[in-house]
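Heads up, there are several structures right after this.
Two complexes, one shared chain (subunit A), two partners (subunit B, subunit C).
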Partner chain A sequence: MTKLSKHYYSYAFILPLGIIYFIFFLLPTLMSFFFSLTRWDLADWEFIGLENYVTFFSESSLTIGFRNTLIYAVVTCVLKVVLGLLLAVALTSNLRSKGYLRSVVFFPTLLSTIAVGIAFSTLMHPTQGLINQGLSYLNIVGPDWLGDTSIALLSVAFVDVWKGVGMATVIYIAGIMSIPQDYSEALQIDGGTAFDKFKHITIPLTAPAMNSVIILSFIGGLRSFDLVWAMTKGGPGFSTDLIASIIYKQYQGGFYGLATAGNVILFIGVSLLAFPLFMLLSKREVDL
Partner chain B sequence: MRAKSKQVLTAATSLILVAGLVAGCGNNANSGNNANAGTNAEQTNGGGTETNAAAGGNAPAEGASAERYEETVTLKMLIDNQTSTEGLKAVTDEIEKRFNIKTEYELRPGGGEGDNLVKTRLVSGEMTDLNFYNAGSLFKSLQPEKYFVDLTSEPFMQNVMESFLPTVSVGDKVYAAPSGSSQAGAWLYNKKVYAELGLSVPKTWDELMANNEKIKAAGKTAVIGSYKDSWTSQLILLADYYNVQAEAPTFADDFTNNKAKFETTPAAVRGFEKLASVKDYMNKDYLATTYDQALKMLVDGTGVHYPMLTFALSNIFATYPDKIDDIGVFAQPGDSADKNGLTVWMPAAISIYKESKNIEAAKKWMSFFVTPEAMALMATKAKPEGPYVIKGAKLPDDAYGGVKDMMPYFDNNTNAPALEFLSPLKGPNLPQITVEAGAGMKSPADSAKAYDKDVEKQAKQLGIAGW
Partner chain C sequence: MRKRSAIRLFWEVVAIALSIVIFWVPFYFVIINSFKNRTESSLLNIDWPSTFHILDNYKEVLTAQDGMVIRAFWNSTLITLLSIIVLVIVCAMAGYVLQRRSDRWSGPINFLILAGLMIPPAIVPTIWVLDSIHLYKTITGIVLIETALGVSFATILYKGFMATIPREIDEAALVDGCGPVRMFFQMIFPLLMPVNSTVIVLSAVGIYNDFVNPLYFLPGAKNATIQLTLYNFTSMYNTSWNLLFADIILISLPPLILFIFFNKRIVAGMTAGAVKG
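What follows is the complex of A and B.
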């Protein structure tokens, strides 16, 4: 009691924000667990137990959705980690137009995802798009980037990487800049090459940055929605549906309870994948 | 002690701040209500004449000045941003002139997002006085009996054709009036190319396929596919409903009551088969083509057939006014020539919100809206895409040629409403399922099965009896 009254001055300051956080974040989160167990039309609800979960798991497009989400998350995550690191190394070297190039790489991050999606779906049009018209000058018949079900998802993933790699690069650059110069001086004295520097100094010492990039881009990939929606709306058919777009379609259909159940599943799924990954990654961090 | 009072003071001021915030929001809401109450008061002044207006629904021109409100009443109408409001405005301008009732249009998105917006506004009690929304299964999913004014016994509803009423009724109560002309789900075709190639309008599916073959041989796209806008892929399936009904007359009821399935009804599977069979006649980039690009192909004559709703005629007229007469319409043929008929889409519904402060004015508004005179006014700005569903309203002489092509199906009574106007069920994944069927990713039988599953999910989620 004494402890609480001692601190209640500070609690009073937390209170307004706490109320807002509770009303707009915690309460809806808790309520969603409840509404996922109901048939809900926004006005009335009827308790139906786990039926929504059963329905959601028997959704025909869901298997595609789970598979697509994993592929999408892994592909975008790996490409961002690798390309981001290479770009960061290049952009911290003694390039002349370093400042300009850094902003070029970062620029796509500033654009609206929807605008990027619309622009790229125009560029990727099989007959009138800039990409395939360019290829046709080289006498290559480009594929239907977004219409061919076997590559549509990868096309979207490519755009995601184009847009997101700038953020990864910036995180890496910060990591590389914080490596003390002493290490590379020692390497120079020992006569190491640039590749040795990359392998023995840059990679181990940017591990914390790399972990952030992996976690951020992997979680981002798992719950990705806006880009797919702008480019393909999950189509053709269900071939680029991600879990998030399946959930959104349930919501559009007016199945609010079912959509909420889908979100609870997504929440649990992301947590199950992200927490072990985080644990694993933080173990191998090296102290500077 | 002093420190403590300071603490209390701080706590109190922060509370006041929060309270101020909340009160601020509250005030806004209140002032909104006051404004409404104001119009309400004005409206009751003129309310006494309302019954006159309703009784004189057929001929409101007489004694219009007596029915005029002293002060302007403003009605708000929520409408999707894809519907052209030109024609509606011609009518509402006249309503303003006659009754001093002003109509404000509030735009919302169409499609699924629009559905959710409308539902949210209804549940949160913030619907506009008038709601412009699809008739049929979508309207029924709004639970009209809960949110809209019962119009069953309003005299002006006598003007509305019987065929429209079931699409906006729950039980035997009617909850909305029609917003204009009906339209058809049919095949638009380029008459010029038809003449060049010496083709005639097909009466059976086989004849249509033979025409497709000839068009393909002539180096043109026989059937335009625009699956980038996935809703357009549904047309061949949905426009086949006249043929389904001809083979299985009780399908709509059985389907609603969980007694008939697409998969086990051969006539229904036939729609998916027709959809799959035109794949080889479609443009190569049909998965990347949009609705707008498809219209351009049809007008240019690079594409010859386009299965579509006839509202496309208005879009064509707006963009290519000199080409509108090149476009004709025929019903999607069935398997025998003597069972050839048109599948009809009902116009959107306009309903009055139950909690509106201006119900009397809205009824007066509607009593003029559903007259032949109003439809004629509408036609001056927006040509009809099919016959009107108001008794006595005639097509204007300058109607689109395509619409005139549709008239024999109405004169001979060989038409049927689309399934979504007969049943509250329409699976939300149908556009994706028809893309799969049309692109050959799934067999027609599997697509029918997938759709049955989609419908079952919807029925269970909506809690429809018997599922």
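What follows is the complex of A and C.
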């Protein structure tokens, strides 16, 4: 067996992956810490200490990105966790149309984010858009979904949920399907209601699935870029700018050091928020 | 009993009605507007078109700017295919050894690979790296980037599946005098077909739909990928909505086809990766 593991399971098999992964992912990540302390233009760099970070934390057009990113990540995450669970419960019930409904809910996951973003920004047009036209039939004056600074971010988050909730749903469905039938049979014998089943069987026993949904959608929310870019380009003003879209804007403006500092901040933010979340959730999973 | 089935019918109708409003109306909106002429499509409603311009619109999309969309389709297809080939070979090999072996290196290696799922790529330093090895703005460069950013997910899937392949197979191959490379490619790899197809379909959708990486690492009209062509038909005041929507439909066809044929495999793969990973 030792011969088998040394020779046959040689780390040489990991080498191709290691080389690609190192050069094109790990190396740039490591270098970002250095380049975030410089002013550079790919050819030349000048060491300027923490100046980029100071700029990032002092200019209001940049700091708003932190607030927006956090709101965006929390809103999309919570909605996906809750709606995904409800949908999954509905789609594992005895509805006859559940096969069709599963496909419909899941399909948007496979669509191009940019295409979805463009389509929805027309649907959300304040006067011509289909959403407000529909609301006007109900005598409701719909808001300017993407033009009003107070709700634009939430509108984009809503589209993110429309597109992404299918993923959460299928993860939950897999979790629900893996619950042994015995539990609900026992509950039925004891005279439990459907709500009891949801509260005492579905919720606790889908904890691993819920953990995956929370982590995936939270990290996805923190890193989001393309949907915001397709729908609002960060506007109106800076009201929908996320850290990732700020990085892109700085990059476009040629402020490579500043863009890289943004990357490092995003890296640290994701690590600070996601790793403890990961630990906390996996601990809860063990407790169950 | 009758009351129960009435309630069930009620929920059935509610569910289908909601699915139509929430999902079918946007789909229908895009499809019907891609059939209209320019003026009617600019009204952005779901009225029935007075005249149909299906062929005209789609032909115009495909021929606009010297067939930019066709070239972009070719670029996207090429990038997707090449990335997948590299991903499958590289990750299957790595997943195999990582699952079979456990020593003091396997912990850190697994951690680094898992980190790739969470950590956002550092944009400008990646451009710097690509530039210094002369791969910036090249298809090769973007293929290697897509591979590097896809290995985490694929390796985790391979590693998970590898656990279902008994070690006795390896030992039998060893007894028969098979070398490690031959053992992997002749004995193990053919057994990986189910997970191969999952990795292929999921990566295909992800890479084909990717907008951010080509935007950063493959700029330039010559290299445009299919996602970037959407911006050809938009401009602030003068958007040709009918053409834009036709382009959206064209872009959505490949994922739709994959969805029709591989729905189960996609769902299985996504959940396997998510629940275990």
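Definition applied: the second predicted complex is superposed on the first by the 276 of 288 C-alpha atoms of A that agree within 3 Å, B and C clash if a C-alpha of one lies under 4 Å from a C-alpha of the other, contacts with A are read in each partner's own complex, and residues count from 1 in each chain.
By definition in this document, contacts are C-beta pairs under 8 Å (C-beta built on N, C-alpha and C of every residue); 3 or more make two chains touch, one makes a residue touch a chain.
The structure displayed is predicted, hence computed values, not measured ones.
Asker: Is A:254 touching the first partner subunit B, the second partner subunit C, both, or neither of them?
Answerer: It touches subunit B, and subunit C stays clear.
Asker: In the superposed arrangement, does subunit B or subunit C reach more residues of subunit A?
Answerer: Comparing subunit B with subunit C, the partner touching more subunit A residues is C.
Asker: Could you say whether A:235 touches subunit B, subunit C, both of them, or neither, answering first, second, both or neither?
Answerer: first
Asker: After the superposition on A, what does A:125 contact: first (subunit B), second (subunit C), both or neither?
Answerer: both
Asker: Touch check for A:53: first (subunit B), second (subunit C), both, or neither?
Answerer: In the superposition, A:53 contacts neither subunit B nor subunit C.
Asker: Now for A:90: first (subunit B), second (subunit C), both, or neither, which partner does it touch?
Answerer: Second partner only.
Asker: Which partner does A:198 reach: the first (subunit B), the second (subunit C), both, or neither?
Answerer: neither
Asker: Touch test for A:115: subunit B only (first), subunit C only (second), both, or neither?
Answerer: second
Asker: Who does A:146 touch here: subunit B (first), subunit C (second), both, or neither?
Answerer: A:146 sits against subunit B, while subunit C stays out of touch.
Asker: Kindly classify A:24 by the partners it touches after superposition: subunit B alone (first), subunit C alone (second), both, or neither?
Answerer: Second partner only.
Asker: So which positions on subunit A get touched by both subunit B and subunit C?
Answerer: Residues 8-9, 13, 16, 42, 125, 129, 251 of subunit A touch both subunit B and subunit C.
Asker: Using the touch rule from the top, collect the residues of subunit B that touch subunit A in their complex.
Answerer: 7, 10-11, 14, 17-18, 111-113, 115-116, 119-120, 122-123, 141, 143, 146, 227, 230, 284-285, 287-288, 428-429, 432-433, 435-436, 439, 441-442, 450, 453, 457-458, 460-463
Asker: For the complex, which residues does subunit C have touching subunit A?
Answerer: These residues of subunit C touch subunit A: 8, 11-12, 15-16, 19, 22-26, 29-30, 43-46, 86, 89-91, 93-94, 96-98, 100-101, 105, 109, 112-113, 116-131, 133, 144-145, 147-149, 151, 155, 170-171, 174, 180, 183-184, 205, 209, 211-212, 215-216, 227, 230, 234, 241, 244-245, 248, 251-252, 255-256, 258-259, 263, 266-267, 270-271, 274-275, 277.
Asker: How about subunit A: which of its residues touch subunit C in the complex?
Answerer: 4-5, 7-11, 13-14, 16-18, 20-21, 23-29, 31-32, 35, 42, 90, 94-97, 100-101, 103-108, 110-115, 118-120, 122-123, 125, 128-130, 133, 162, 167, 170-171, 173-175, 208-209, 212-213, 216, 219, 222-223, 225-226, 229-230, 244, 247-248, 251, 256, 259-260, 263-264, 266-267, 270-271, 274-275
Asker: List the residues on subunit A that touch subunit B in their complex, please.
Answerer: The contact residues of subunit A facing subunit B are 8-9, 12-13, 15-16, 19, 39, 41-43, 46, 51, 55, 59-61, 125-127, 129, 144, 146-147, 149, 233-239, 249, 251-255, 257-258.
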